[in-house]
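In what follows, chain A forms one complex with chain B and a second complex with chain C.
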Partner chain A sequence: MAEILAPAQPSFVQEKILLGMRPREYVRNLVTPFNVAAAAILAVGLPLLVLRFWKGLGATTHLSQSTPWGIWIGFDMMTGIVLAAGGFTIGAAVQIFGLKRYHAIERPAILTAFLGYVMAVCGLLADLGRPWNIIQALFHYGTASVLFEVAWCVMCYSTVLALEFTLPFLEWLGWDRWVVPLRKALIALTVLSVVFSTMHQSALGSLFLIMPTRLHPLWYSSTIYVLFFVSAVIAGICMVIVESSLSHRIFGDKSGGHHVDVDELTLGLGKAGAMVTFAYFFLKLQGVVDGHAWHHLATGWGAWFGVEVLGFVLLPCLLFAYGARERKVRAVRIGAVLGVLGIVLNRLNVSVIALNWQSTNRYVPSWMEVVISLTLVTIGLLLFRWIVNRMPILQASEAAEGSRP
Partner chain B sequence: MRIGRRELLQVAAATAATAAVGGAARAAETGPVPQDGAGMLVDTTLCVGCRACEAACAEANQLPDPPGDEVLATRRDTSETAFTVVNRTEKAPGIARYAKKQCMHCVAPACASACPVRAMNKLPGGPVVYDAERCMGCRYCMLACPFDVPKYEYGSNAPRVRKCSFCAARQAAGEKPACAEVCPSGALTFGRRTELLEIAKTRIYTNPDRYLHHVYGETEAGGTSWLYLTDVEPELLALKGGVPGKAYPELVSGALAAPPLVMTLWPPLLMGLYAFARRRGEGEGEAASRKEESHG
Partner chain C sequence: MSYDLLSVYPAKLLEYGLAIGYLVLFVFFWKYVQGGKLAAARAAVRSSVLRHAGGWFHLPAGVHLHPGHTWARVEADGLVTVGMDDLATKLVGPIAIQVPAVGAPVQQGEAALSVTDGARAVSLMAPVDGTVVAVNSAAKTHEDPYGAGWLFRVRAPRLTANLRQLLSGSAALRLLEDASERLAQRMNPELGAVLQDGGVPISGIAQNLAGDGWDALAREFFLS
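For the complex of A and B:
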């Protein structure tokens, strides 16, 4: 590296890390409302994380003997991972099915997936009672456990995502020698990402198969893994719609010289979203039929189930269909936001709200649990922005352009 | 485009990598669990509610002394500091019935099957035991257990899952579990599960009016090492009602059969789709993918 950096040129740090600014200038640029809010959250959240490991789960959470899983599993883990599904959904569309026009959103989707997994694993480490024993999963194989499958899939898929992410990372560093073989390996990595995601997204649902008396019959289904996989695809599509419109609005100048027609991509994704969401809606109904749970629909739980299935599955589905047909991008975007919220709601329902539904001891997260969850999300957002501002994520690189039609 | 040697190698490599994971996963399957391990028969009609079992359990496991008898007025659950508790109900006004509650030591335990690192294990002799050195603290065992037995030390920063171990160490030394050792009324009978089941059914057949005609634990969750004879509904004695009569590990066995299929079928299928998509792309005159090829 040393001989490349002639004294007259800006240093590596200044060019790559400080975005070409002088240190003082860079620090001054950091003071924005978003950063101030983020700093405030981190200032509270990071000490709370220390407190969690020092004093234990009892001092920081509202977990109990009847509610062993709270929002760190229900939100950080379950939701973090399902919202990362855009990585394999778009990766498969572009690399395997040859839908090259989605190429422009492949890298942001993979980066989101990577950060989503990193944050989910951080949340998991906070939640585990004895996190130092997480390496035991490498030596002792509880093959009858769905959680064992989940653990291995998380490990394998995080590795795949890290490898996929090294491509923009190395391009950023300018190490072209390594970029070429990696780009060739991308198809193999994409295949692996679909393989691991298929198993892993569905396995997160299979976790609940062993709780037939704990999970409410409206959500318990002997085919819950199908529901989880299909809804992961929906989450992937919705996240990519939301994310691509947001990041092209926020980081618009980063898109390089190429004009990416986000609206056109959004409409295409909306069409796909309408079909998958419609299928998912009927799968949800079939879950009720299979579980002979009709009579539960007339209860308060049934109303809550209706909110999820009508308001956050059927409504986004109709918005997608309407938007894709009438070329109303706004309708598709609203549908996608509702879709993301709906999947978050579903994961929270299954893993927290409708779990232990007969228990009189209802779980409400402590403020510390909420702040620590917020802290992890904030770190994820900061990392996303830091990387997008520096690495070739939104602007497709020169050579990668070649694969676009 | 035809599928060339390189593509085939890519398929092979991806398949081999995933198959290796599958091989490791299959390396340690659980064998069939013997039905004839140690068991305990609790005849609740004989229990006098002295709670000597609670005291003996606390002593054997170095737990705090149990509280006084006033707690019989409330419904109690086991906890991280009390592995067994006696609950009281009334069969008729003035006629009390008692039942101790503890880990049921399922024949095919949900907790052991749920543990990703095998920190919870069913010993061949019958007890379901826990190894804190291996446990990562995911608490999935607590959610998997149909009887709500495993309890957690939330107050600790190195917490353990706590529950009755069926005094596995005492059993290994040829002794009875501490509770059975001290029971003065004959309510607890320690023995082989199959024999205890025969004893239980014999008692029902010879005293058909005295007992409910159901041995609690014979079929619950696929069968448990602890068996209960009652003359009131088990729920009244704080024994969990509505437990499905199916071995819990079977609930997930179907879903767990999928990964090997996904791992072996997906890569070739996806690579086939990839080859198809490329060919179609070229057929439509998209030189772009070829260009990428020559660049790459």
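For the complex of A and C:
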């Protein structure tokens, strides 16, 4: 009996993982300058990460009893968390305040937030002397500790972000039966994400309330938790502008034919950014006045504070205002890049540079700390690209919004 | 950190001064960012500039397009003006148009007007919900489809929700460009999209392309 051979259907792995290519073809496509650089970083960084857990913090870092916080806290944890604020900022704008035109950039923002948190937790685990003890926060309720609040907020918000990310993941797998209820739950998840991230961002600031003498007076404020929250909103807006501009340029072919006017969204975000940075600038000044710290402005620390506040808060604010008014998208984008750098600088200043400012023993990170940080950022970027290339992130399904007439 | 008793007063003075200064400056800052009259004037100039989509069909800024090729524009008095877009006008050519009567209700996505040629009629959808309050008595397919060629005005109670379902700006241009490409494919199916020789389609494309079957072609584009 003659058999009729049907054309070979691509397997699940070939279709979903290898983007429809054969394994050899896929591997050949992986050879790009970015991937080569990433592979080089991982080749050095991953063994160093193993070394850190094998030999301990002393063998890999310049941390000490007097300086227990290094760049894994200042950069990976503090900065990773604040740059992930785009998830709740845009989520709240779309799901709670009804600004549906930002729906197209909601999923990339949530993905960035999710990966930011995952990488921040990895950085935290590397930084903890005995990371296996982190689970104790689940069983011992030290409610008087700010770290207790931080730990619970990280756990809860990471869970909410994972659930929010499940939606494109299930759509990718084609499990429609679970997609519909999850889509309905999205508004509840957004409310939870706003609650947890508000608490978390401000709680990270509250950590510094117990160290008024260790943190330089120009950065210390009795309302530092407010500064942390407001700057998180700025970071969220700036990151979404930068990330959406880059994503739609790099992954433009992944938009599934849905046209997104990124320039128009950027101008809208620029207007919001102008208002928030304007308020933040005055809150920073108020912090200086409130702490009676103005006489420090004439010192070297004051000059450094001026660089942060004038160069990376006021300047982005003016660029946002000018760009939004004159419809200059480029000005808004430059403002957003400066804004991101400014928030990174602020977190590093607060948690590393201006901490222990009177100590003669200055902390300088070891090369291994820097490489491990770089490794975590590289893993985050690779994961982002891997997911965007496969899952419906940029082509945020029209069905989610109800089909157009 | 050094505190001295007397510095409390200048500190408080500075704090309150800063807070008041911030609030005052915020008013001016807000006005600057919003753009005020200058931005409104520029927006008006921008809206008067016709933008071309794929070289064939044009679209002024400030117009919201329905995918069925009708348009809506929010006027200063809050009413919404409705008409057929440039593609629809050029597709059907000079033809009789039936518009709803004053007082008639229209619903977004439902048939609201029709173009007729003898026994054949094709409906077009309303871009917004509402009640018709004025009709252009000289309604006919016009050379100025977004200006003098308006068809009727609507009082639209669900305008915000309706506008979310319409296309504006570059998304609207994209709709017209896609339609241009589909028409180009029909004109030259073997070649597909090619560089045009500089000409633009004449009025009455459907008649020229499909002859008596013009209404079927029009329905395909008007989604009716």
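One rule holds for everything that comes next: the second predicted complex is superposed on the first by the 392 of 405 C-alpha atoms of A that agree within 3 Å, B and C clash if a C-alpha of one lies under 4 Å from a C-alpha of the other, contacts with A are read in each partner's own complex, and residues count from 1 in each chain.
By our rule, a residue touches a chain if its C-beta (ideal position, glycine included) is under 8 Å from a C-beta of that chain, and two chains touch if they have at least 3 such contacts.
Computed from a predicted model, the values in this text were never measured in an experiment.
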- request: Figure out whether A:274 sits in contact with chain B (first) or chain C (second), or with both, or with neither.
  value: second
Message: After the superposition on A, what does A:198 contact: first (chain B), second (chain C), both or neither?
response: first
- prompt: So, A:306: does it touch chain B (first), chain C (second), both, or neither?
  reply: neither
- prompt: Should A:292 be classified as contacting the first partner (chain B), the second (chain C), both, or neither?
  reply: second
- prompt: A:20 contacts which: chain B (first), chain C (second), both, neither?
  reply: neither
Message: Once chain A of both complexes is superposed, is A:174 in touch with chain B (first), chain C (second), both, or neither?
response: neither
Field: Touching partner for A:213 - first (chain B), second (chain C), both, neither
entry: both
Message: Touch test for A:100: chain B only (first), chain C only (second), both, or neither?
response: both
Statement: In this superposition, the partner of chain A with more touched residues, chain B or chain C, is B
Field: Set of chain A residues, in rising order, touched by both chain B and chain C
entry: 100, 212-213, 404-405
Chain A contact footprint on chain C (complex, rising order): 1-3, 7, 11, 14-15, 18-19, 22, 26, 29-30, 32-35, 39, 66-68, 108-109, 125, 164-165, 169-171, 174
Query: Within the complex, which stretch of chain A touches chain B?
result: 53-59, 61, 63-66, 68-69, 92, 95-98, 100, 127-131, 133-134, 136-137, 139-152, 156, 180, 183-184, 187-188, 191-192, 194-195, 198-199, 202-203, 206-207, 209-214, 225, 355, 399, 402-405
Query: Inside the complex, what are the residues of chain A that reach chain C?
result: 100-101, 212-213, 217, 220, 259, 261, 263-264, 271, 274-275, 278-279, 282, 285-286, 289-294, 320-321, 324-325, 404-405
Field: Interface residues, chain B side, partner chain A - complex
entry: 10, 13-14, 17-18, 21, 24-30, 77, 79-80, 110, 112-119, 132-140, 142-144, 146, 148, 151-159, 242-244, 248-249, 251-253, 255-256, 258-259, 262-263, 266-267, 270-271, 273-274, 277-278, 280-281, 286, 288-289, 291-292, 295-296
